[in-house]
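So, here come the structures, one by one.
What follows is chain A paired twice: with chain B in the first complex and chain C in the second.
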Partner chain A sequence: MKSKFNLTFFAFLTLLTFGIVSMGFTRSEKSPDVKESNSVPIYGNWKNFTKDNGLPGNKTYAVRVDGDRVLVGTHEGLAVYEDEKWTTYTTENGLSHNGVIAIDVSELTGDVWLGTMGGLTRWSGGKFEQYTQMNSGMANDLVYAVICDGKDVWVATGGGAGKLDTYTKEWEIFTEQNAPMHEPWTYSVCAGDNKVWIAAWGGGVIEYNKKTNHFRDYVDPDGNMEIDLFPDDGVVHDITTGVSYSNGILWAATYFGLSRYDGRGWKGYFDHDSGLASNFINYVRSVGDYAYLCTDKGLSITDGESWVTYKKNENDKNGKAIITNGESKTEKSFSPSISHNFILGVDVQDDVIWVATSYGLSRGERIN
Partner chain B sequence: MNKLRLVFILFMVLAFTGFYTSAQDNKMMYGNTPDSIFPYNSFQKAYKYHFVEPIEFLGAGREKKAPTGLTEVRLGFLGPLDNSPIVPLGLQMLNGAKLALEQANERGGYKGIPYKLMIHNDVGLWGAAANEVIDMDDEGVWAWLGSIDDIVSHVALRATLKCEIMMVCTGDPDPTFTETNIPWAIRVISDDRQSCYALANYVYNEKGHDRMAIIRTGDRYGRVGVMEFMGVANRMGHPVRMEERFATGETDFTMQLKNIKNDKPEAIIVWGNAKESALIVNQIREMGMQQPVYASDRIISQEFLDIAGKNAEGIVTTSQYDPTADNPALKKFQADYRKKFGEEPNVFAAHAFDGMNLIIKAIEKVGLNRVLIRDVLTDRSTFQNYQGVTGNIVLDASWNDVGKIFMGKVENGKFVFFPAAQMKERGHSQSMAGY
Partner chain C sequence: MSIKRKKLLFVPGFVLVIGLLIYFPGRKHAREHVNLMTAVEDHPLKCASCHLHMIDKGPIASWLNADYYSPLNMAISRDGNTLYVVAQDANELMVVDALKKKVIQHIPVGKYPHSVILSEDGASAFVSNQWADNVMIVDLASASVTDTIPTGNGPSGLSLSIDQKYLYVVNTFSSDLTVINLERKTEVKRLSAGNNPTGIALSPNGEKLYVSSRRAHMVPYGEPTITDVTEFNTSKNRVSATMEIDEAYLMENMAFTPEGDLALISLIRPKNLVPMVQVERGWMMNHGFGVIEQTGQQRIIQFLLDEPNSYYSDPFDILVSNDGKRAFVSSSGVNRISVVNLDSIRSLLQNYPEEELDYLAFDLSFSRHYIEKRIPTGASPKGMVISADGSRLYVANQLDDQVGVIDLNTFENLDPIDLGGPKKLTVARKGRQLFVNAGGTFQNQYSCYTCHPDYHEDGLVYNMAGKDMGRNVTNVQSLREINHTAPFKWNGKNESVYKQDGMRFSTVLTRTEAFSFPDLDALASFILTGIKNPPNLMYNPSGELTAAQLRGKEIFDRTVDNYGNEIPEKGRCVTCHPSPYYSNFSFEDVGTLSESDDTIKFDTPHLNNIFASAPYLHDGRAVTLEEIWTKYGGRDQHGVVNDMTKMQLNDLIAYLNSLGSAELEAKEQEVLKAEIKN
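Now for the complex of A and B:
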């Protein structure tokens, strides 16, 4: 009787152990009839562009949709796609530098502002106008980000952030001298709801209130670069690479993960605890409720709850979308897929997405 | 029944140890940091640990063919060569890099094509280094070496990521330089994190000091330099009593030293360039303070010994290498350097010589492709434990040199070097979350 009891007891404990252990594993489904996210957009029907079909170079840094045309920043100049034809503009046409790494279009004037490796360029009425350290009040010629905010144009450079008042033509520069940064290393800027946010490399996120002209900063509270002590205690790391704001949500990208701020609290996302493709985020752009994350291992789209991540297969042109809802993961295959997994820029308009990658540009259409 | 029980117990042990082993288990903690001084480690396991696995570069570019018809193989150099208080250090770094290239050209260059150094000055102003890196990209350099000033290195690092040119840093000891996760740089000189661990171990564990005061330069070199020491001192239970600052070029430190004197610390740490450090040491003694003095590694120079004179006796610092080591390669380098430049090489010359040789060896191994040059320099196998003139180069997961640190003590008017003692236990996390 005693032996029988022990056997039953051991069997029960064994099953219990298996149960506890298996709870730690994430379920993964793979089915052609995938349960797709109800909210996060899914794109397909991918078409890719490289040097072979019109781009001046394969490395594309930035993309912006401007009405019926698409502006693409490449290492070899600005490429413009219109009426299914590509036109390239370079320093010979008046660009500050052929390396075009940031683009924005003014809603007020329609002017195109280009952040290049050798200065800021305004493209207006068919003419290019250059702004550099030598001929204007810009802090540095390597312009990592440019945005248009009403009449103001903001740039982020390694020598500080700058604001150009296009009416007065005057620059205002923000560095460690007049803003809460240890150093003036700024790499991204965004605006919304009377505020401007600056990604300060090593300084977290700097918030500028346009009404009060006051700054405040958001840094990782644990104060150490080698750890994130608690998951949702603040921006996940002080080395921030991108900021984007829409619908009351600020998204902050780093090379260590993603942060979301709703004005009250922060939430952190890593590749091990969410659908984020990689913690190494080159660029973030938010449109409506969704953040588009350009990582070194694919493109992720999220509303903070559900995720869709696009990845290209290593050895062919095909790929997949990985759809994550909580613990559930499903996949959808594409042929072809995005051009490359190392993503540097993204823009969306209506149901079309454009993705700038390390090797070519991709265009997708919404399919859900 | 006993057998069954044994099997069950064995199964349970396996279930709760083997199954829960994470990918990070038994990885060394970042920076060779002992568990006891890892941030918060005594109180709270972090949710996420960084710099435990190297970040790979996953972008395109490996497919690019080497250009044909080249008449020179261009390599970049960025350093303080003009209009900076650390020009003497920059010139030594330049000379070390030049010597390595000249010797490579004497061996036939790269497949008969000579190497050419594209020299750029960093003027130490914010952001200027970014423009210099863009110029290097336009010049078509295959990799570049620099710099010393940490504000320059940080700005250049972000630009080199954008341009995708490999950066080999041989002079900037700022710990945060490699804490950026950027996979386009390695550092082949030990940083101030390693130096501060060695110094803290020496002053607290070996010398038994408790109450320390620091006087440091007010720039980033001073701020970030002592940052690690302050953190370690706190975790070892000896918070630094006082931190005073001075400006580069300052000659009268009476105000700061009066404050320190009134606080009666057991010992004083001076963190700055050689000249100011020597003047501070002199004024410490003139004011009657007899406490032991420790200093940052920039005091290892003839300039410091000349200015401080007899007051330098007994001062202890750290060093990223042992310039008196019995290393034939080092002795040949020192002889070649003396012959060509008419002076003794310093730490920046020696590390630049090693760094440029690594670049040359990488190119000879993989050819003229920036991404492949990056790949081989960061793979932590090809050149791991490379025996340079500065000793053994060991890169951690953030590509930071965690090779040996030495102590230097002034005895009879010259520096005498000896290995820094290792802290007893080295860090292994039992469970690093987030992986």
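Now for the complex of A and C:
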């Protein structure tokens, strides 16, 4: 009798323990504590800027944090936010074009490089210097991306990629004539570990080895199909719109999903099998372990496993963050939320994120 | 008369007859030739004028010339006993005992040194070698070069950070600033620094570094001249601001007052938009200095050195006395140092609004309020230093190989220091002295050097109007290695430099008496034999073409376009621009004549060191080489280019940028011919 009781009691204890543990796991999945359970940064306390509170226009294309100031590329010029005040620079100040679509700041010199719809502009010590296809060796005036890589400045333009050596002042152009591109149209460029990657329209990702001066390309093994026939067999599509490299990982954005390359293999991400807001990705920027993905349906942040996606409600200023861990999804509401769901640019510094959208600029603070 | 005697008379008679037969037509021919080459009819027919003094190589040239030192800049030891003098033409740093007034050491440095500064402990000197693209560290105890550090192109002005950890080097030709980490002895940064900069000055607190440009922004003709002073934050080693100095250029040097309340810049105020024939009405060129206030409104104000009927052309160095009461400006065009009373300047700044001071920058009579004295110097005063006790001012008199010594208590000259250069004044050296001296221009307004700094060109476009105003807007051409490239001027009207600088020159440009024939001999001799191209270290440092340059050369030499069509001979680059001068010395219409120009064909310019001669085309409309074809090559009149891709155009320009001195090109041609023969 005693042993039967003991057996029953032991079984009860075992079930209770299992149950508590199981409940615990279930609880944490269904009601996440955003501060503890998710390593992907979550941003809140959103503040939005539009023409009404200082921006020269509502359409913002690019944003870059530069120390104590924030540089914003808009359709109406370069807007600079410093000491809580906005200052706008336009062609009257020396910009190549008012449509500023790419920004980078040289770590070496502090010079600001601006890719515009009408050329490249260097902003150094308050002075604007223009590089165009007419006055320099630059391939094309439509500058989709600009990055500073030591003394070199790389651009992705509508007529090819290009490299300006700021010491020798010489340009080198890369198009389908001398690189494995499908056509000269390039959208993005990034650099790291002695390599440069170019997102080439229809050409996938072009890798340039700075040591050997040789190119190689990464194209979609599925032959440019809009579906990814065989998962993780390469870049998900040849129409690449963005590349970004950090911590040994190359992120490649396309209009048909996201790819991650760790130097050995590719992994694809889509809106139907991950937390990605949309397969239509305008821009990607990776900082540390995280990729920030600007899509037509919101902003997503991922480390390749977990996801946080920000979306604004259609009919009001509020919105939410959708937190995806494997199969589980939770949401957190914000009021206000990001300014618009069509995202074109993003930058982060410390615990602050700046998001350029097609209707205003958003600033968020990390809350986890 | 004996047969023998008859014979004796016959020989000289025969010689006399032959001589007369040769002399009269020969003299007539010589007269015609000289009249053509000089554009005057009273030249004394001295053949040596052109046929001896313009020989630029070989034993005769060596015999005619001499090796001068040509001191440019200096540094002085803390005890004031030793001067370190950059001897530009001798590639030396000279160590001079200032008390005994004697050269005690000659330290070989790099090619065409520009500046020297000393480390705070006085143990080392830093020398910038402008034609070698490096800086040398000289150990002064052993008088030897211990390190050579590569820089940007054309290093000139130097400064040390206040903690002596960084050396800042102004790169004149590549228009940037090299930051050298002295612990690692390597360049760590290259920051953009205006256009053709040379001057550099560190604020007394060490926080701010200024670099002054010489060339102005390249703007379409008609827009006023603007030139940059670039400010650097020395704690971050970054560009922090750009100050635009209106209506000024050639800002050779800068200085701070010891209190740090003012920064000063030497400058020239060109009136290049006014027809040049207006020089006789005054202020074609003004010369002065700029003041950047460091406190209060931080205005940038310009003051003239000039006074009515007398100009103080080509200010080079500017220095402040140790007590901050006076500034000294060396004017190499008039062999004078102007003494500026800075307390008067401070008072004017305090009492006049900016608008009024801007207006007074045009008033020649205003300088009487602050110019205390004009001190005469030797030929072409350049860099200056002041002894630590403030009692002596030393000035490098570049073209008589002396260091002038001035007593700062009396502002009187003491005996100069003879650096020991050749005592003979060669014809070419005399020509150089004339070239840099404004004495040949109405009221000393400018010298040849003013528009041809570094014996090159100033990057400006001038209104060279003749009798019809507003015509013939002209881009200044370089004078480097123009021997063997006649005719001259864009319209090729001058068959010789002799003609170019003779009577016509005084009629149009200087508006005063023409140079005498001996002076013209000297001037032409210097221009044609004494001005070299710097080595093209920017684009062709090794003499071997890069892959892009080689592709560009193929395009330059091509006879067939991208579609397989034969390019007409006139449409090929190489037809009008054959090496070694890349000119056929002929005339062509390249479709760029403007409505305001006289109807001319253009004299084909030579292309050696073309990278250093922006802007381009006769009126400077093309800011870059690219623009010659992207903007102004529309109808394929300036070479067939419209079939080319952007990549091909880049290759062509890479090749053009690689072109260097004709002397080197000629050697390459010889090698090429020898290879073909073999």
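A few remarks follow.
Just so we're on the same page, the second predicted complex is superposed on the first by the 327 of 368 C-alpha atoms of A that agree within 3 Å, B and C clash if a C-alpha of one lies under 4 Å from a C-alpha of the other, contacts with A are read in each partner's own complex, and residues count from 1 in each chain.
Keep in mind that, in the parts below, a residue touches a chain if its C-beta (ideal position, glycine included) is under 8 Å from a C-beta of that chain, and two chains touch if they have at least 3 such contacts.
Because the structure is predicted, anything quoted here is derived from the model rather than measured.
Between chain B and chain C, B contacts the larger number of chain A residues.
Residue contacts after overlaying the shared chain place A:D289 against neither chain B nor chain C.
By the touch criterion defined above, A:Y255 lies against chain B but remains apart from chain C after alignment on the C-alpha atoms of chain A. When the shared chain is aligned, chain B and chain C each come close enough to touch A:A139.
In the superposition on chain A, contact of A:L229 is made with chain B only, not with chain C. Of the two partner chains placed around the shared chain by superposition, chain B is the only one that A:F342 touches, whereas chain C remains out of contact. By the touch criterion stated above, A:D66 is placed in contact with neither chain B nor chain C. In the superposed model, A:T175 makes contact with both chain B and chain C. Of the two partner chains, neither chain B nor chain C is touched by A:D217.
In the superposition on chain A, A:G159 makes contact with both chain B and chain C.
Overlap of the chain B and chain C contact sets on chain A: residues 133, 139-140, 159-160, 175. By the touch criterion given at the top, residues 3, 6-7, 10, 13-14, 17, 21, 24, 58-59, 61, 97, 99, 101, 117-118, 133, 139-142, 144, 157-160, 175, 183-185, 187, 201-202, 222-231, 236-237, 239, 255-257, 270, 272-273, 280, 296-297, 340-342, 357-359 of chain A touch chain B in their complex.
Against chain A, the residues of chain C that register as touching in their complex are 152, 174, 176, 189-192, 228, 230-232, 236, 238-242, 538-539, 548, 623-624, 626-627, 630-631, 645-647, 649-650, 653-654, 657. The touching residues of chain B, counted against chain A in their complex, run 1, 4-5, 8, 11-12, 15, 19-20, 30-31, 39-40, 44, 46-51, 55, 57-61, 125-131, 133-134, 137, 151, 154-155, 158-159, 162-163, 176, 179-182, 220, 434-435. By the touch criterion stated above, chain A contacts chain C in their complex at residues 108-111, 122, 124-127, 129, 133-137, 139-140, 151, 159-160, 166-173, 175, 177-178.
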